[in-house]
Amino acid sequence: MRNAFRKAAALLAAGALAAGIAGCAGKPGPANSPADGNASVARALSGTVTVYAAASLKETFTELASAFEAAHPGTKVMLNFAGSSDLATQISQGAPADVFASADTRNMARLSDASLLDGGPRNFATNVLEIAVPRANPASVSSFADLPKPGVKVVVCAPQVPCGAAAEKVEKATGTTLKPVSEESSVTDVLGKVSSGEADAGLVYVTDVKTAGDKVKGIPFTEAAQAVNTYPIGTVGSSKNKDLARAFIELVTGSEGRKVLADAGFGAP
Amino acid sequence: MTTSRNGTANDTPDASPDSGGHGYSGVPRWLYLPAAVGALFVMLPLAAMLAKVNWSQFIPLVTSAASLDALGLSLRTSAASTVVCLVFGVPLAMVLARRPFRGQRLLRAFVLLPLVLPPVVGGIALLYTFGRQGLLGKTLELAGIQIAFSTTAVVLAQAFVALPFLVVSLEGALRTAGKRYEAVAATLGAGPTTVLRRVTLPLVMPGLASGAVLSFARSLGEFGATLTFAGSLQGVTRTLPLEIYLEREADADAAVALSLLLVAVAVAVVGLSYRKPGRQVAA
Amino acid sequence: MTFRMTARVHGRLEARFTVAPGETVAVLGPNGAGKSTLLAVAAGLLKPDAGSVRLGDKVLFERDGGKHGWVPPHLRGVALLAQEPLLFPHLSVLDNVAFAPRSAGQRRATSRETARRWLAEVDALDLAGRRPGQLSGGQAQRVAVARALAAEPELLLLDEPMAALDIHAAPQLRRMLKRVLAGRSAVIVTHDVLDALLLADRIVVLEKGRIVEEGPVREVLGRPRSAFAAGLAGLNLLAGTVTAGGLLVSGPGDAGGQAVSGTSDGEALAGEPGVAAFPPSAVSVFPELPHGSPRNCLPVVITDLEPHAGGIRVRAGELAADITPAASAELGLEPGMAVYFVVKSAEVQVYAA
């Protein structure tokens, strides 16, 4: 039963991917022939690299993918964004990813512990929490110390998700107890509550505040240093195009990647 | 919903499945194949989930404080939203089924809208209505009523998506029952309220009951609108579906165990109280 | 209390209708004549486009120029007994009958006492504990009568109460109705002349929403003026213009243009519209024109032959003749044959239409 289920899941995933490629590319990509396997010559790179990346990397990785395709004509970067744990689960179930970029080390460790990675992962960015408030800042929040005050409606992520774990860490380190009105399952839900004015403040990552644009205002706080979140990236062991995967990782961890990530609010590892 | 209710019950042969013999079914044999595929399509994923349950951890997982809080909250809010649906849905169904008026089709379309609307959209709409910055929310807040992040918000979200089930079910039952009994009752001196209480509602009781059960079941499964509108806090707004969604991030075993719990509760509610369409209590 | 209504329901009814205190009126007419519409207006289930409905001094409905009035069904004191019993399936027989007294404000125990009394009145006390689903059609309709009577209506409306019953249950219910309708103001819509004869004081014939004939039962059935009433009375009816010795038949039928001699009641004046009526049993059938007798001879074409009360009824369009099977065989009658219907003048009644 269990085996049959897995097989069916793998079949479904493969089918979905095939349909995805056909749907996006419109025509088959250049053949990925073994003769082109010289990694040191950038011009020789071709084919498609599939990158599974944490949802918080959507903007930066989309930009980096375009840069990559421009730098290596004939290549195509397929991006798949979702929660890190969902992506790790999919890859461990055999999803055809070449690169995995996680929003935390825990999910990356899940893959390396199961020997599903090619080589060790590399940390390429960090992220810290910031207080997000509605643009009008109705509760006049200006510091982390304002959050536990009565009458301030604070929304955080649940401890089960990375942003919530980070918030909990900050709370512990500073000896503060927040009484959130809601513990959301995702950053998006926290930002939604803040930007709509339902909540007076939310704890999310710096990059999330940047992404949310001018609907919310970010207030950095020094206590955030207690919970620095590190983003690792690695090549998936079952990848059929490891050269391309490595080249993409080079771009992300290189100076261009650093710049794009820094613009989005990410810190250096 | 109900079969003929005229008093002359002996005029027609009893075709109930309880009586002996086998009637002509009129089901072509090839129909069984797609029917079986359809049944499998629903049952197989449930079976697959069952196969994934970590049985050694099942009891501790479903009896953790967070799980029990979520289950208790789900049952309480679903019961409350069913009451809300009854209080507003019965009059709505009556108006839709009994009195033709201008804009009736439009009203029906709007009442049924949550059936096809993604629940998230419902949540957003509720947010802009009852939220702190919403249409009614500001007024309510001035009156000292805060709905955001409260259990009330969960009940509102559930009632919003569950109401159409009650209205559709009851309107159908009302139309099938027809107005003749009500007309007779009126000529016997019963005022409209008496007719509603002593004739109409008893007549459509099976439809009303199945509508209420469907509403309860829909409330139990409500996720999107709650997530968007009410938030997620253990014991206050985190119902079982939200708990499952959250646990999925951290502990897949717990998510599967809780899913099974939800399926069991739903099957118990629907299976035990949903009447087969076409059967009736009386006569 | 006299019930008076004048009602116009567009395309369905345009009639002035009265029920005297204690009188039972039978409303007859072909399907779609507006009989049920008339009852619905009386019961308050349908608002007419115009007119007025009064029960005694009480204005039940009025829409006439600037005047408006409306009393809803439950405050009218008008009960309706439908073709189907429509017993409330979720209530016992006793509680069905107790429904009206309960609605009128009686306590449960008192209302059940009242219900028992009315069940006894229709000989159905033994059914009190049953559910409507456990009753036969006849039993259910008897209970429905008791339920309507328990409302103590000032006017009782019956809409073909016997129509849904089998042939054995109908006579029993009819006997019971005769007992309970005595002295009550009631309107009974029916297809059956027997209902009119046994239950009604007066007949109203509706056709296409209009009253075409009304009067005491005996008069309408004895001297019908409409084809429908003549059919009920089992008489042949010819319409035309009154002449000195009889009637000049009008219309496109077989007898159109024929002069018929008959006995006039003396009130019919020559030149005015009138009818000639005669029973089928008075008609003889001849294959050829008989000679030398002072009789009416109508050339007709046979449309049908059917058994009738031990003999044969020969139908020719609107007209009918009753003869013995032997006579029919001797003449070799069959549909399509041209024959003469012959009737003595003494058998033909001529009166004003």
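Per-chain residue numbering starts at 1, and chain names A, B and C are given in the order in which the chains are listed.
Following the convention adopted for this analysis, a residue touches a chain if its C-beta (ideal position, glycine included) is under 8 Å from a C-beta of that chain, and two chains touch if they have at least 3 such contacts.
Here the structure is a predicted model, which means the values were calculated and not measured.
*Asks:* Looking at B-C and A-B, which one has the bigger number of contacting C-beta pairs?
*Replies:* B-C is joined by more C-beta pairs in contact.
*Asks:* Whose Cα centre is nearest the centre of all Cα atoms in view?
*Replies:* B
*Asks:* Sort the other chains by how far their Cα centres are from that of subunit C and give me the top one.
*Replies:* So the farthest one, by centre of C-alpha atoms, is A.
*Asks:* How many angstrom lie between the CA centroids of subunit A and subunit C, rounded to a whole number?
*Replies:* Computed value for the inter-centroid distance: 86 Å.
*Asks:* As a quick test, compute the distance in whole Å between the mean CA positions of subunit B and subunit C.
*Replies:* 52
*Asks:* Could you put a whole-Å number on the gap between the CA centroids of subunit A and subunit B?
*Replies:* The separation of the two C-alpha centroids amounts to 38 Å.
*Asks:* Hunt down the residues of subunit C that sit against at least two other chains at once, touch-wise.
*Replies:* Touching at least two other chains: none.
*Asks:* Which bits of subunit A are touching subunit B when the two form their complex?
*Replies:* It comes out as residues 1-2, 5, 83, 85, 89, 153, 155, 158, 160-161, 180-185, 189, 192-193, 196-199.
*Asks:* Taking the complex as given, what residues does subunit C use to touch subunit B?
*Replies:* Interface residues on subunit C, with respect to subunit B: 43-45, 72-80, 82, 84-91, 99-100, 102-104, 131-137, 140-141, 144, 147-148, 150-151, 153, 157, 164.
*Asks:* Please name which positions on subunit B make contact with subunit C in the complex.
*Replies:* 5-11, 180-181, 183-192, 194-195, 198-199, 202-203, 205, 280-283
*Asks:* For subunit B, which residues count as touching subunit A in their complex?
*Replies:* So the residues of subunit B in touch with subunit A come to 47-48, 51-52, 127-128, 131-133, 148-149, 227-228, 230-234, 237-238, 242, 245-252.
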